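What follows is subunit A paired twice: with subunit B in the first complex and subunit C in the second.
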Partner chain A sequence: MKRLFKPGLLIPVVLIIILAIWPLLSGNSASSREAMFTLIMSMALASSLNIILGYTGYVSFGHIVFFGIGGYAGFWAITELGWHILPAALLGGLVAAIIAWLLGLAVLRLRGAYFALATIGILEAMKALVINLDFLGGPVGLEMHFSEYKRYGGPMQSLWMVYWSMVALAILVVLVSYFVKTSKFGLGLMAIREDEDAAEVMGVITPRAKTWAYVLSAVFPGIIGVLFFFKNGNIEPGDAFRLHFSIEWIVMIMLGGAGTVLGPVLGGGLYQWLRKTLLTSPFFKDYQLVVAGVLLLLIVLFVPTGIIGWLRARSHKLRRIFE
Partner chain B sequence: MGDVLFTSAIDGLLIGVIYGLAAMGLTLIFGVMDVINLAHGPLIALGMFGVYLLFTFMGLNPFVAVAIVAILGLILGVVIYFIAVNRVIDAPPLSSLLSTFSVNMIIIGIGTALLSTSSYNVDYSLGTVNLGFFKTPGARIAASLVALLTTALLYLFLYRTRPGKYIRAVANNRISAELMGIPSTRILALAFGIGVMLATVAGGLIATILPINILAGGSYELKSFVIVVLGGLGNPLGALIGGLILGLIEGIVPAFMKTTWVPVIEYVLFVLILLVRPQGILGAKE
Partner chain C sequence: MKILELKNVTKRFGGLTAVNDVTFDLEEGEILGLIGPNGAGKTTLFNCINGVYKPTEGKVIFKGQDITGLPTYKSAHIGLSRTHQIVRPLNELTVLENAMVGACYGRENMNLGDARKTAREMLEFVGMAEKAEALAGTLNVAQKKRLEMARALSARPYLLLLDEVLAGLNTAEVTHMLDTIRKIREQGVTIIMIEHIMHAVMSLSDRLIVLNYGSLIAEGTPEEVSQNPEVIEAYLGDPDLAARLLEEEKA
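So, the complex of A and B:
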């Protein structure tokens, strides 16, 4: 129990909870719920990717492939098999995890840039494959009938249910991220990041550790994919496997600080908030991609450890507060 | 059937040379400085629009425009190197992947704001070349010949001139090259510039034969990845051969199955080669 009350864990969890109840407090709850959903989803996605990218040092560029695979599996179960959303979401996570495990056995042997390239290849291969699969709707994808929402008591109730599921899931991801980081398993991962050969010599069973890290970082995007596409009402290959989105997750991680627990949470929130602000400003509306690009470049060049990494490097006290 | 297959194979090879040229830019940069240039696609697109704008608003012959685009590409590449790459040249791969990707975002952002994502066309034709058994647009043959010529010039440059030899020396071992008095930063900038130049030239050549849009570079970037891995990362000649293989696949496969299966085959091949033979078919950089 003592481990639960460390500031390193409490800060991100409390942050998520405050954001989560914001729609209840503000007047226009539907639109702020949508905004918060995007924010909290980004936090969860970035934190998941951080397990393989930040802790283990493997740059999974096409990580959105698990979001897409899980999304398709769950969506298919809902529309074709008539499943309830919650077991369908778990199915999405399971399918993503199994595929990550199988792929991980093969591609995690590659290092550095080769691994990054392979993940892009896997993403594009999967997208091209799904376009050719008729039972998944091919290039048009699958659509959910509006009456599907009746089962959950109408569209309003289903949206709230998805929202609270997302919040619970985000908190779970942060817990997992924290416990991985503070465990012996996490120590092994970080040893791999620093020097894989040395880690192996020191007794870390690197293939097993890397594969589990990969599976762990894939299972949550799989679940989130189902929630996201259920909320959307349709799924298509272009949305499910967009390379650009997974690179946005990397930007979030870099912004907050790779390899920290709070970093991806903070980065995910800040990035989405910034994006929303830019999209609604008349001048930056057309140039939001440019602003995001300049921001990313500045971070990579001048603050490669991100906000939290930078703060942690400043003082001992902060290092004890931020994990 | 045989005739059709033959024609589409030749067509595939003709476009494959241009794919190869684009991939050569990517592989040269990787070979010299271990940086995967994720701005490759948008740079190809800039080459396309360079030719389009010079042709449409200044009335230049597209192939003259390609030469101008090449010079602009070289300058742009050197500028990008000093802004985005030089600082992270010795950092872990994630840094240079992200810094070049940020260049990608900036180019695409400005491009879509100014040009939208709609399709443009360089309205230019060299008639049809008819060899009896084989018919194809003249521009396609001309573009392929220019691509081959550019490859030959690249090899002459790398093997017969002093800066070219410097580039190879830096690629081989940067520290020793520095000890021999080679100004490595300037050489790296030059190599990056040439890599970008090749991408823009390839884009310009594509613009003479196919419709273009600002996002079109993305698919050629992915093709370049596949080709580079086929031919061996860092091996320019391998890139040319990889390009021919890819062109051939794109030409022949549609005769046997739906066109939409072509990318599946390409990317699966890509991942498999990475796993089984990451040094590529011809071997990685010398």
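So, the complex of A and C:
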């Protein structure tokens, strides 16, 4: 229990809870719920990716592939098998985990840029595969009938249910991220990040540790994919496997601080807030990806450790507060 | 009791034979010096022992178990630790965390709490306790070498492979490190050390083996080895060469 009351864990959890209840307090609850959903989803996705990218040092560029695979698996179970959303979401996570485990056996042997490129290749291959699978609707994808929402008490209730599921999931991801970071397993991952050969000489079973990190970082995007596309009402290859979404997750992580617990949460929130501001401004609305690119460049050049990394490097005291 | 046996170990890289048919034994508690000119295959031999390379031919036996070509992490688990000639600190982790990795994943497979305790003890032992919270990347070379030692020792190994832990240190640092190595032996850890600083390796080692072009050319006590003409030739060239050339010219 003592481990639960550390500021390193409490700060990100409290941050998510405050954002989560915002729609209840603000007048325009439906629109602020949608905004907060995007924000909290980004925090959870960035935190998941951070396990393989930040802790282990493997830059998974095409990480959205697990969001897409999970989304398809769950969506298919809902529309074709008539499953309830919750088991379907778990199925999405499971399928993403299994695929990550299988892919990991092959691509986790690669290092550095080769691994990053391989993940992009996997993403494109998976997209091409899904486009050619008739039972997943091919290029058009799958659609959910509006009446599906009746099961959960109507569309309004469904949206709120998905919203609170997302919030709970985001908190779970942060918990997992924190416990990985402060565990023996996490220490092994960080040793791999710093010097994989040296880690192996010290006894870290690197193939196994990397595979678990990859699987763990894929499970949650798989579940989130199901929630997201259920809320959307349809899924198609273009949305499920969009490379630039995964690149945005990397920007979020770099902005907040790779390899920290709070970093991806903060980065995900800030990035989405910035994006929303830009999208609604008359001048920047067409250039929001340009801004994201410039932002990434500036971070890599001037604060490669991100906001939290920068703060942690300032003083010993801050290192105790921010994990 | 024999802790390590090498039987006809050979390592080839394409056409290059880096280690050629090397055979030797190591008694428990011994310090064995491994010397030889640059490029003689000393580090390659280390890599064959702890599994970084799989020997092309031959066998490595550790405590009666054949460990030839076993992955390096398995060697670490059964009690074989090493330091690197070119130091490999985990830069973004603290000195303490570096040593904890050794303890957590070494022979005793400790949990985090025990690992922290052991790591602190070992940092104390090598004289790095006050640097425990510093990031490993900020250390100087001498400190990084000590960290390599602390990390290897935290694994509580039976056999420690030291790859040029004295290189790049000044005289005072060398003396300090020699003391540390003696103390490690007193704890019953067997050591093989690669070293170029002759007075150090001569004074520490119970026995020396000499590699040249990958082959074992001499083996014995420091005195025996330093008298061995083949060894002198490997290091200094042929002592009689000038005389012979002169004679040939006369003839």
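In this section, the second predicted complex is superposed on the first by the 323 of 323 C-alpha atoms of A that agree within 3 Å, B and C clash if a C-alpha of one lies under 4 Å from a C-alpha of the other, contacts with A are read in each partner's own complex, and residues count from 1 in each chain.
Going forward, contacts are C-beta pairs under 8 Å (C-beta built on N, C-alpha and C of every residue); 3 or more make two chains touch, one makes a residue touch a chain.
Note that the structure is a prediction, hence the values are computed from the model and not measured.
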Exercise for the section: Using the superposition on subunit A, decide if subunit B and subunit C clash or fit. Expected result: fit
Handout entry: Angle at subunit A between subunit B and subunit C, C-alpha centres, nearest 10 degrees
Key = 80
Practice task
Considering only touches as defined above, state whether A:I122 meets subunit B (first), subunit C (second), both or neither.
Solution key: first
Completion exercise
Between subunit B and subunit C, the one with more contact residues on subunit A is chain B
Practice task
Tell me which partner A:L289 touches in the superposition: subunit B (first), subunit C (second), both or neither.
Solution key: first
Practice task
Using the superposition on chain A described above, determine whether A:S183 touches subunit B (first), subunit C (second), both, or neither.
Solution key: second
Practice task
Determine, under the contact definition given at the top, whether A:L24 touches first (subunit B), second (subunit C), both, or neither.
Solution key: neither
Handout entry: Contacts of A:G203 with subunit B and subunit C, given as first, second, both or neither
Key = second
Exercise for the section: Give me, in Å and rounded to a whole number, the least C-alpha distance separating subunit B from subunit C in the superposition. Expected result: 13
Exercise for the section: Determine where on subunit A the residues touched by subunit B overlap those touched by subunit C, and list them. Expected result: none
Practice task
Going by the contact rule at the top, pick out the subunit C residues touching subunit A in the complex.
Solution key: 50, 52, 71-73, 76-77, 81-82, 84, 88-93, 97, 100-102, 104-107, 111-112, 115, 133, 151, 155
Completion exercise
Within the complex, subunit B is touched by subunit A residues 53, 57, 59, 61, 106-107, 109-110, 112-114, 116-118, 120-122, 124-125, 128-129, 131-132, 139, 247, 250-251, 254, 258, 286-294, 296-297, 300-301, 304
Exercise for the section: Over in the complex, which subunit B residues touch subunit A? Could you list them? Expected result: 30, 34, 36, 83-84, 87-88, 91-95, 97-99, 101-106, 108-110, 112-113, 222, 225-226, 229, 233, 258, 260-261, 263-264, 266-268, 270-271, 274-275, 278
Problem - Touching residues on subunit A, where the partner in the complex is subunit C - result: 183-184, 187-188, 190-191, 193-195, 197-206, 259, 316
